[in-house]
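Chain IDs A, B, C, D, E and F follow the sequence of writing; residue 1 opens each chain.
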Amino acid sequence: MNIFDDIIKGSLREDAPNGDITTEYTVSEDETVSGSFVAKADGVICGLALIARTFELTGGIVSVDLKFNDGDNVKKGDIIAFIKGNAHTILLGERTILNLIQRASGIATMTRATAFQVKDFKAKITDTRKTMPMLRVLDKYAVRVGGGYNHRFCLSDGVLIKDNHIKAAGSVTDAVLRAKEKAPHTIKVEVEVESLAMLNEAIEAGADIVMLDNMSNELMKEAVKIAAGRVLLEASGNMGEKNLRSVAETGVDIISIGALTHSVKALDISLKLD
Amino acid sequence: MNIFDDIIKGSLREDAPNGDITTEYTVSEDETVSGSFVAKADGVICGLALIARTFELTGGIVSVDLKFNDGDNVKKGDIIAFIKGNAHTILLGERTILNLIQRASGIATMTRATAFQVKDFKAKITDTRKTMPMLRVLDKYAVRVGGGYNHRFCLSDGVLIKDNHIKAAGSVTDAVLRAKEKAPHTIKVEVEVESLAMLNEAIEAGADIVMLDNMSNELMKEAVKIAAGRVLLEASGNMGEKNLRSVAETGVDIISIGALTHSVKALDISLKLD
Amino acid sequence: MNIFDDIIKGSLREDAPNGDITTEYTVSEDETVSGSFVAKADGVICGLALIARTFELTGGIVSVDLKFNDGDNVKKGDIIAFIKGNAHTILLGERTILNLIQRASGIATMTRATAFQVKDFKAKITDTRKTMPMLRVLDKYAVRVGGGYNHRFCLSDGVLIKDNHIKAAGSVTDAVLRAKEKAPHTIKVEVEVESLAMLNEAIEAGADIVMLDNMSNELMKEAVKIAAGRVLLEASGNMGEKNLRSVAETGVDIISIGALTHSVKALDISLKLD
Amino acid sequence: MNIFDDIIKGSLREDAPNGDITTEYTVSEDETVSGSFVAKADGVICGLALIARTFELTGGIVSVDLKFNDGDNVKKGDIIAFIKGNAHTILLGERTILNLIQRASGIATMTRATAFQVKDFKAKITDTRKTMPMLRVLDKYAVRVGGGYNHRFCLSDGVLIKDNHIKAAGSVTDAVLRAKEKAPHTIKVEVEVESLAMLNEAIEAGADIVMLDNMSNELMKEAVKIAAGRVLLEASGNMGEKNLRSVAETGVDIISIGALTHSVKALDISLKLD
Amino acid sequence: MNIFDDIIKGSLREDAPNGDITTEYTVSEDETVSGSFVAKADGVICGLALIARTFELTGGIVSVDLKFNDGDNVKKGDIIAFIKGNAHTILLGERTILNLIQRASGIATMTRATAFQVKDFKAKITDTRKTMPMLRVLDKYAVRVGGGYNHRFCLSDGVLIKDNHIKAAGSVTDAVLRAKEKAPHTIKVEVEVESLAMLNEAIEAGADIVMLDNMSNELMKEAVKIAAGRVLLEASGNMGEKNLRSVAETGVDIISIGALTHSVKALDISLKLD
Amino acid sequence: MNIFDDIIKGSLREDAPNGDITTEYTVSEDETVSGSFVAKADGVICGLALIARTFELTGGIVSVDLKFNDGDNVKKGDIIAFIKGNAHTILLGERTILNLIQRASGIATMTRATAFQVKDFKAKITDTRKTMPMLRVLDKYAVRVGGGYNHRFCLSDGVLIKDNHIKAAGSVTDAVLRAKEKAPHTIKVEVEVESLAMLNEAIEAGADIVMLDNMSNELMKEAVKIAAGRVLLEASGNMGEKNLRSVAETGVDIISIGALTHSVKALDISLKLD
């Protein structure tokens, strides 16, 4: 679970740079407690491995007995995990764990609901780069757990040609050709377009993926016809509950949704100590 | 603005560990662009200093002309800031800036709306430790900008005696006395109670603040009478739009709300390049 | 003991960035040695947990058998701990351990002696922010072990209004009111005053603590009468052996002493290998 | 002055992880102040470059007008430097600067006094590795400024064969030969001996430096005769005011003194704001 | 040039953790020198931006007048850049700069020579992950400057299914299908195959790229016919001077060469001070 | 093996910042594999401890059964180590391990071959500071394993007076005297000279080591006569296969060779999984 270690360490350092003074004043160092993480709302649980890893990184010994796996649906009242161990360790790690798995589960829950809406279509739901700074690896993991897919991770590992790149390069064609020439052969070249003319130009130039930016469903249907499988089509821009199904009906391959990670409703989870 | 530097650097490192390849392929290194950050929804703007600082930390030169101050209300369509400078720098910093100020503004917006609901009462709205890991200093700043107040920053700088501390110490009295004896004289001692009996015991023992955990409004009114100004009273637990005003009416001093920072709706802001 | 890890790691990195070359040249990698940490002067021992943790962080295996607990008085010649394990590990960690526990024990020793002088009075002895950079968490721990108390940890978690803040705010009253309004409710507001008039103003404005800066004992006695328990009074400024008892006699609540941590006489301790 | 940057940054991070809240509450962001660093005791000033560098690293603009150079003697009341600039920056950096230059000046002051005692002899005064963790580069700089000399910086850049290395290697001769064979040709090989027999063996084996550990002055005089310039002789062990001159009279080349850095009396310096 | 900052800082920290003592002992702090970087062999120059950036990061002021651009051919004796500035800064940064640009130029030189051999064919020359740890971003930049192309940057941003993945998944088909299903739509799926049967299976399953591992030229010609443009074909395994042209003649799209970065002959460059 | 931890961690972070996506998509988390590291060319093996340590630092469990020790000669086809453990861990650490031990073994191999050429002479072969940034501790270890010796580690722990230092100081004599006066007594003073006159001056001034920069063999023979054992003589500058033996014949003590580490041919090693 190493890819989450930086997040856990950063969180613990922030929350207890000089220890947990309340616990130090009132609880003896060898006190043992047990308890359980409990869902206080229905949703998709995500990030369970963070529980044991956080306690481990605080240096104490806590046994963790998970009752669910990442991606399982939990109901309000479900016990997610039993824990038992050193009281100082548990009280120190509690908030870090809850802050992280509540967010991750919130993302997974929203992603599953979103994906469910378009389950009858081929369109895949993906995230964007609108994630919480320094938490991207967890945010994107939660999207996958919820049944969504990941877009590029960052600016360094994907090519997405936008308006400004096109202006600077001179034309869609020039921008795509440059990127096709220079990009690692392992990466696809994506272009954001605002019209069908631009779509045509992008396809001609050899783009692999075309992002349809804030297009009407009618235009997108046209785009699907034009593309005819030659490129992947990604719908983007204010995709929400109301229009999601109709967008999927247009036949696009991908629908990317920033709200999956930029406006997360945490799944309510609490730690009840016995 | 140094206190936000770690956040900005962490975000840039995450988003462009090996540069912005699309821009490198398509835009020349000395290209200049101008543009503006635009509000796409009404709200309270927050985090404006991050714009200039992020560009500065990427190493490029970008002039930033702010049209608002943190805490100002913005309307959909308002231009928040004009920028002009190196295209590579602007495209590199764009997402980091937006991710951060959208969140901060979302928090400030929600906090102001929340504080407005209780403006006729003495109760202060505060945040909690349910913030985004590694972003706490920004989250708590946004709460202040929105007109809220901060609770303790972390486990190391505040004493909050909860159920488990009381059990371990033996009684409310013992826990409070220990904390009063050991805590720096600059810190107040807060105790979470679940009954009026516990409240009385806490006051007798010398607590400075008492958190009323998930109490009914009736009980809280009683608590206010009992406390009679001898301790600060903090209402906590599922404070939401529906009950907030009635809670404030009980006469408590503080209402702490985790949702201000754990479930943030980002304020929609975009960067429009000319 | 996680809160000391950064100190230990920083010290080891400084002392052996590229290993211990003498030991590498002369001692085989699997050599085992035993020995004991011995007090070479009387004092209060402090920082014992650093012994095992330092060896652990160097990656080797060393058993540590402690003969004292933090806060115990040791006499010259006392064996503090027996150790046994890999010679490379022990020789690598030796200086880091000694540098740290000699300082911590020196602080604890001086603090106990200082606290002893005022044991007949209510005044608590506290530290200040005059600690060694990057070692504050250890310095302040040692003060507590020695029977002293901690002042605020840093600029971020305590309010201490000094001369300049007062000038900038306009008056004691203005400064205190602003701080009372803005500070987290968990933190007390302290003001440094130079006269009884300022003391009166601070109390009226609602300060929680008043620091009496370099006042004569006579003035401090007056201050105690004026305060009458409404605020905590802290005596500060050149508190030393000669005047400490007389200061305590004035009835102040707190005496803060920078010398506890800015001018530390290390307690002599050595590692004797068998 | 880059070699001190890690120390300054570490200190600022420790002292104001989330800003200086008192100043934020009471002083406006663009307030300017001026003031001066003043010596409150006689001594050798050291670390002056840290003043400007600390303010620079906090991000604010402060002009610094130094009135002395490192190594100058200052008298109680002397103004060391005038400063003028942003109030927030100055109040933020004040304690970090004072903690560092008070220590550095304390070390320089004690070193000069110590070196003065042996000025009629060839013996050089050196420090040891008994420095404050993470501050070694500053501690050793202060020793040089005070007129002392540095011993090896750390375990990685000097060879000092002690008792345990000799035991592990089998004999003084074996240990020295191994080290001479393996050490970089740029480093001298030093051996700690407890008798004249060991001294003879060390010289025969080709040691470059011999440390005379806790030897009587009589024995050291013998050692000087035996060595006859073939090796450098270092006196070590409880070198203090009383015996220093007599040790130097023995004719040793080096006298190393741990107390220069392990038990530092800070030179009292304060920042007086106008 | 921020993407190289971690490399420069890491190098300076390694080379001068406590300053450049020789220069401190012999050169005054305000001494100015000028000089020039000179090619001592023919090759392709690369990494020129590191010169100014290294001096900048050491904190001193040095003017740099570049006479070439990255990718230019230089001849033995050519002056690459004139520099002038603080002597301490220049002597401190010299080795870091030379170590880095000699390596980068060595890579660019070898890459250009390699690419030249296959210039009559469509095959692109790419690097691999056989780069120097922590220098990958520079190594891969140098490959591009030399006229080569980059393969995936790391394990996190490319899919390359090898033998073991196939075994674990059950078959080429299963492995490809899983990867196609799960991978971000922005990334192509590559499979390493050892036979034409596997190639066929990979194409059928929808692979985007097929790596032909250590295949004979005859087999590769067959592979090119089979692929018929449906997938990119990458030749891999002991590509060297002798066989490179003949491999390119087979018609493969990509030839990846580990030796470009794992066995680099530094281009000889020196700094001549006037 | 802690001194290599920063290298391993840096490499893993670079190679898999967000995990190994191919393996995640195709291999189950509890899959176990076994395999062996195999030499694919003859050479000197070096860095074997990195195998187990890398797997340990990835967090997984892998048993490693080494068949050789660092410094052993291996032949093409030799199995260097058997490994068995978690597939994810092994695939994650594979490239880091290979990149590092291939380089270290390449250095050790070249060093041994070089040292062999001068085995009949007293001259020791040493490295220089022309190592790979951030890998110096490994590069220099490999030189030792190959039978070479280390020159100073960095600018902070050795004195090497070059042309510019001499100019700045005024003369060879002045530079040497300053360095002798100021340098720690544990460090030798080395001077680079270009003529016999300078050599004489350096010896007179008390230098410990003299570097003969690009001198002819004839001059070096003269230098050896002049030095007559009073200083160590180091030959430097374009030492290669052709002239190495003849340089050693001149009688110099040390021959330093940058190419040992600046132009490394990796020893071919692969991991074959069963």
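What we mean here is this: a contact is a pair of C-beta atoms (placed from the backbone, for glycine too) under 8 Å apart; a residue touches a chain by one contact, two chains touch by 3 or more.
Computed from a prediction, not measured in an experiment: that's the story for all the values here.
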Intersection of contact partners for chain B and chain F: A, C, D, E
Neighbouring chains shared between chain A and chain D, ordered by label: B, C, E, F
Between chain E and chain D, distance of the C-alpha-averaged centres to the nearest whole Å: 44
Centroid distance [mean C-alpha coordinates] between chain B and chain A, Å: 22
Where chain B and chain C are represented by their mean Cα positions, the distance between them in whole Å: 32
Cα-centroid distance, chain C relative to chain E, in whole angstrom: 52
Touching two or more other chains - residues of chain C: 16-19, 153, 156-160, 182
Chains that touch, pairwise: A-B, A-C, A-E, A-F, B-C, B-D, B-E, C-D, C-F, D-E, D-F, E-F
Residue ranges of chain B touching chain A (in the complex, touch as defined): 7, 10-11, 14-28, 31, 33, 87, 91-92, 95-96, 98-100, 102-103, 106, 129-136, 154-166, 168-169, 175, 178-179, 182-183, 262-266, 273
Touching residues (chain side chain C, partner chain B) in the complex: 124, 126, 144, 149-153, 156-160, 182, 184-188, 190, 209, 232, 234, 253-254
Footprint of chain B on chain D - complex, ascending: 12, 16-19, 58-59
Chain D residues within the chain E interface of the complex: 1-3, 137, 140, 153
